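Next up, some structures in structure tokens.
Okay, so chain A shows up in both of these, paired with chain B first and chain C after.
After this line comes the complex of A and B, so read on.
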């Protein structure tokens, strides 16, 4: 059976402490529940969650949706945002995880990658270094979400054209965002056949597409 | 014990700021030698150990209560049998376990084998009670309780919706179609069915097919096309592509042209009988026709000087089937321009096959772009041939379409044609990936005779639902039973399905 692997890179740096991390947990759990009721997703979706602050942690290795269990995501009270280091880990994981098509093996659908951050990379050099490598992985879509005033849209733009901005990271906004993410994922599992990028569904009003 | 009692007493008195001097030390010595005092000490030690054990268990229980414990997810209606690995969870000090809240879900827990088993009869996100006792707690103590979340996934089969497609849409097409007809000396049963993934969201069937027998020349043609899931109007693309194939040969495969081929093939067969040439697998690559010029496909640049019969045949196939493919491209391009959208919106794969009966057997020709196979089996099912290779990329969905101009200028273009002479065939089969993905899974299996025979057995009723395609009826009922057969369940394979069987 063909898998649709989806990677989430989530910012858990100090600025997420408190309400934002709670909101993120709620929104993620809502998204997983929504996906669980989609038969297509239940058949093909595999999810991985990697968090990054000073440390990078693969808190959920790539797991099929039916077996997926969302752990509580926590964050330290303060500390830097090592986005670059997170991309390094992602690069390693994707190379190991993804099954390519061969005459005797069914390949995965092109994986999707969502990055959620409320700040900017503190390891800018590593971050910029990783950008061409991440692009070479042939993701079906790379979608970056910048939440709040401190998130830097232009740096994310260097990674992908698909950058969205949330004015803040409260529960309502994040719920809307992750609902849109699950729609995008469902779109991804549908775009069988073209080998082209996933067309993004129109975002709700809380989300601004950064042009 | 004396020493212990002595240090204990000294500590108590030190707390009261009393210490022994050389003078009164004798009192302490006598005191710790007294049997009664020693036994009091023993009681204290016992009590102390007891308290320590108790507080340690309380701390441990606190730790367990805060530990994230989750048991593997179950699925509604699917056999569940999970042995809980307490050691792996770091819970090797647990001595007794029970669960509350499983029975009503048709699951039982056996605390001897530490296994939960059964077939869940509900789905949802449940809270169940995990009860346990740890080492050190009294045998009659009340069990500790921890609430665990337990996920029972819905059965994906129950989640699929069957929403109607919009009949007002300008490119609407029927969700399910099937038909049966005589095709020259053979019969064709064909069915095309909207996939569950499309039914679930009320979108359209993207697959299509067409076929026709030309009495005048004796040729039959069958085409199958799969519109790309993500291309907006691919349902129209596949429909136009199939229609154009028929239309092309109707106009271009004249009696004159057909006679030319008849002459070639007779000479070729003669040569074969004399043992000169092996059966062609693909069209000879040295025959490079130039399809780069869209309006002038008739111009052929034959690079090889020496023209053998074999290469004449290659040339014939290449120029006629190739020109048909190009005509399909042109037709789709024209349609997209006229309607002011990109030809990409019509992305469709295309396979087609032509066949004709001669006195020495059947000649079968084919063309294919995309990931839909054409297979042919001989009369006694001992030989088969896969007529085309499939376009598959590194990733799922990395296929090619008839709507991509680059396929016509690629070096591989000449290998997209198939040619086969066969005494007679039991089945000529054209299918879209909705059938192939589920029944053959990978390309390598298309090369295996046993897989084709398994596939035929499956059509004959060797399947979970015991649904059989009634080939013997040779009527619309055959196609109807084929359509029913095509409802088979295959996890992860919910694309449109189209299957054409010529027999």
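After this line comes the complex of A and C, so read on.
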């Protein structure tokens, strides 16, 4: 009935070229397969993937998990990171995609938003401009993942408190990160504690959560 | 990879497990397999405090022996529960020994079109949900995994017995959901897992409020209150009964009893809290229709089962319909009214006596419950029944010469068996039956264009209408309005035959 929309914004700027983009593709397909083996996720999850470098591409519009086909993600050999522009596209898409509750129809669950980047926004002005707008969309969670030494945690912290820093973007680290992402997505269907609900499951020990 | 040996803190027994550095892992435990794959060693990630250890001890000693030493002990321990049997200590960490899951609870094939979940566990959700049964759904389950409608009644019987036994022992599950039940439709099996979290009265309070979809309305409606507030409702025996009713409804009808079209709040979270909690309303409430499922708002994969006009809860027959009404109308906000696990078990078993095989070989459900009409048809594929259908109503002797109806009926189909629990009022059909009591006493068959009953074991069977004794090895013809005495012994029943669909 209700859908749980999940948006992935993935950095495909020049610095991802080579091994990192391979690792990202690998980890993503691992995550999609894990989700496609989970009957609860299949019941409600809708996924969208947007990549950004100089250009922003909605490579997968919001699609039901069972129908979802993961394309191979590629990136240019060099070029800037237009994170701000990506947020602009996200802002537009979310407004069109999300089914809002009306008195006669149940709306979607609050969408989740995962941002993965290995650098810092080259369009800082646009980026900062978009932050309040993105926040106004009322996401269920915004989680940023900064991979490698060049990623700037403090800029990401302006967008959300949940910033995960990965020391590098190799296959093992990314796999673990996306496993954690799928656990975060699946959380709603698990047993609930008697106390206040915790927003995120503990991240795997190899990842530093910047809070 | 290495084999480790660990020692019980209770019995001194030793256990072995294979540590390959990559255990199966849940939220609370890491799980390792024994070299002979008969049991697993499940080690808690967090240190267990005194109370938690006390609880584990009670579960693995007192409660285990109570199950073991009572009637049906083997049935419960082999079939219905994966009950922890011992506690171990390993480098300061606490662990439990649990018998390994039966191999029938792993997918042989899984999805029809790919191998992604082949060999994975059969979590109950796969079989509660409607999408996976829809052949057009891209990830539909293979037909060989789905079983027949009759199997889902068996699953529910097993589940009800599992809950019944816990409640008899004074335990409540407190987090009953499809995640904690493995299901195998092919054999009609259900197995309750993850039992180390049981609420043991006096020792341990509930740590969880349950899993979305199964949390009782009163628990959700009071969730904002502090744990010590007198109005705060935490999981207990009666909330288990709500979860059980939801599970049974979902396994039989593949939709949720409370998730309908009514919007209570424009905020999704608030709306959900209200529609499952304080404002919860049965989607098939006979008079208050505001929460009826709106088919145009349902995922296309789920529409078939979501259609409550085409497949209302009443297709589950008279006994279960009554219990669904008790659970979701009378008892939804009045926990004391909820049917007990025992009532569910009895109603489910009686319903299986009303089931008929669909004559359409392509029918997906293959079985349906006789609708008490003179022209029965399958509600799933609309195929009409061809030929006469004998309906047997049971009567018991109230006092000499006065026989009263039992409110129990048996539908006859070709090659159907009759059992002791039909014949003798003193025998209840439950897990305590001995092997001898499970042997049929005779069978019905359609022979030379006539319905007959062949007597295999009944020593005092009598055709009252024709005033004729029927010896073992003989048969009697089943005709309209005939009365038959099944046994002259105390408790022996009389059956009255009606031929439907003439």
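Here is the rule we use: the second predicted complex is superposed on the first by the 200 of 211 C-alpha atoms of A that agree within 3 Å, B and C clash if a C-alpha of one lies under 4 Å from a C-alpha of the other, contacts with A are read in each partner's own complex, and residues count from 1 in each chain.
In this text, a residue touches a chain if its C-beta (ideal position, glycine included) is under 8 Å from a C-beta of that chain, and two chains touch if they have at least 3 such contacts.
Values in this document were obtained by computation on a predicted structure and should not be read as measured data.
Student: Report for A:43: first if it touches chain B alone, second if chain C alone, otherwise both or neither.
Tutor: Both partners, chain B and chain C.
Student: Please determine whether it is chain B or chain C that touches the greater number of chain A residues.
Tutor: B
Student: Between chain B (first) and chain C (second), which does A:117 come into contact with in this model arrangement: first, second, both, or neither?
Tutor: In the superposition, A:117 contacts neither chain B nor chain C.
Student: Using the superposition on chain A described above, determine whether A:81 touches chain B (first), chain C (second), both, or neither.
Tutor: neither
Student: On the A-aligned overlay, A:72 touches which partner chain: chain B = first, chain C = second, or both, or neither?
Tutor: In the superposition, A:72 contacts chain B only.
Student: Looking at A:109, would you say it contacts chain B, chain C, both, or neither? Reply first, second, both or neither.
Tutor: Both: A:109 reaches chain B and chain C.
Student: Under the contact rule defined above, give the chain A residues that sit at the interface with chain B and also at the interface with chain C.
Tutor: Residues 1-2, 33, 36-37, 39-40, 42-43, 66-67, 100-110, 190-195, which sit in both footprints.
Student: Give every residue of chain A touching chain B within the complex, in rising order.
Tutor: For chain A paired with chain B, touching residues are 1-2, 33, 36-40, 42-44, 66-69, 71-72, 100-110, 138, 140, 190-196, 198-199.
Student: Under the touch definition given earlier, write down the residues of chain A that touch chain C in their complex.
Tutor: Of all residues in chain A, those touching chain C are 1-2, 33, 36-37, 39-40, 42-43, 66-67, 100-110, 188-195, 201.
Student: Where on chain C does chain A make contact in their complex?
Tutor: Those residues of chain C that touch chain A are 27, 116-117, 120, 123, 125-126, 129, 131-132, 137-139, 175, 177, 179, 206-212, 215, 227, 234, 259, 261, 263, 265-269, 271-272, 294, 297-299.
Student: Within the complex, which stretch of chain B touches chain A?
Tutor: Contacts found on chain B: 68, 70, 72-73, 75, 125, 151, 153-154, 156-157, 159-160, 196-197, 200, 226, 228-231, 344, 347, 349, 392-399, 437, 441-444, 491-495.
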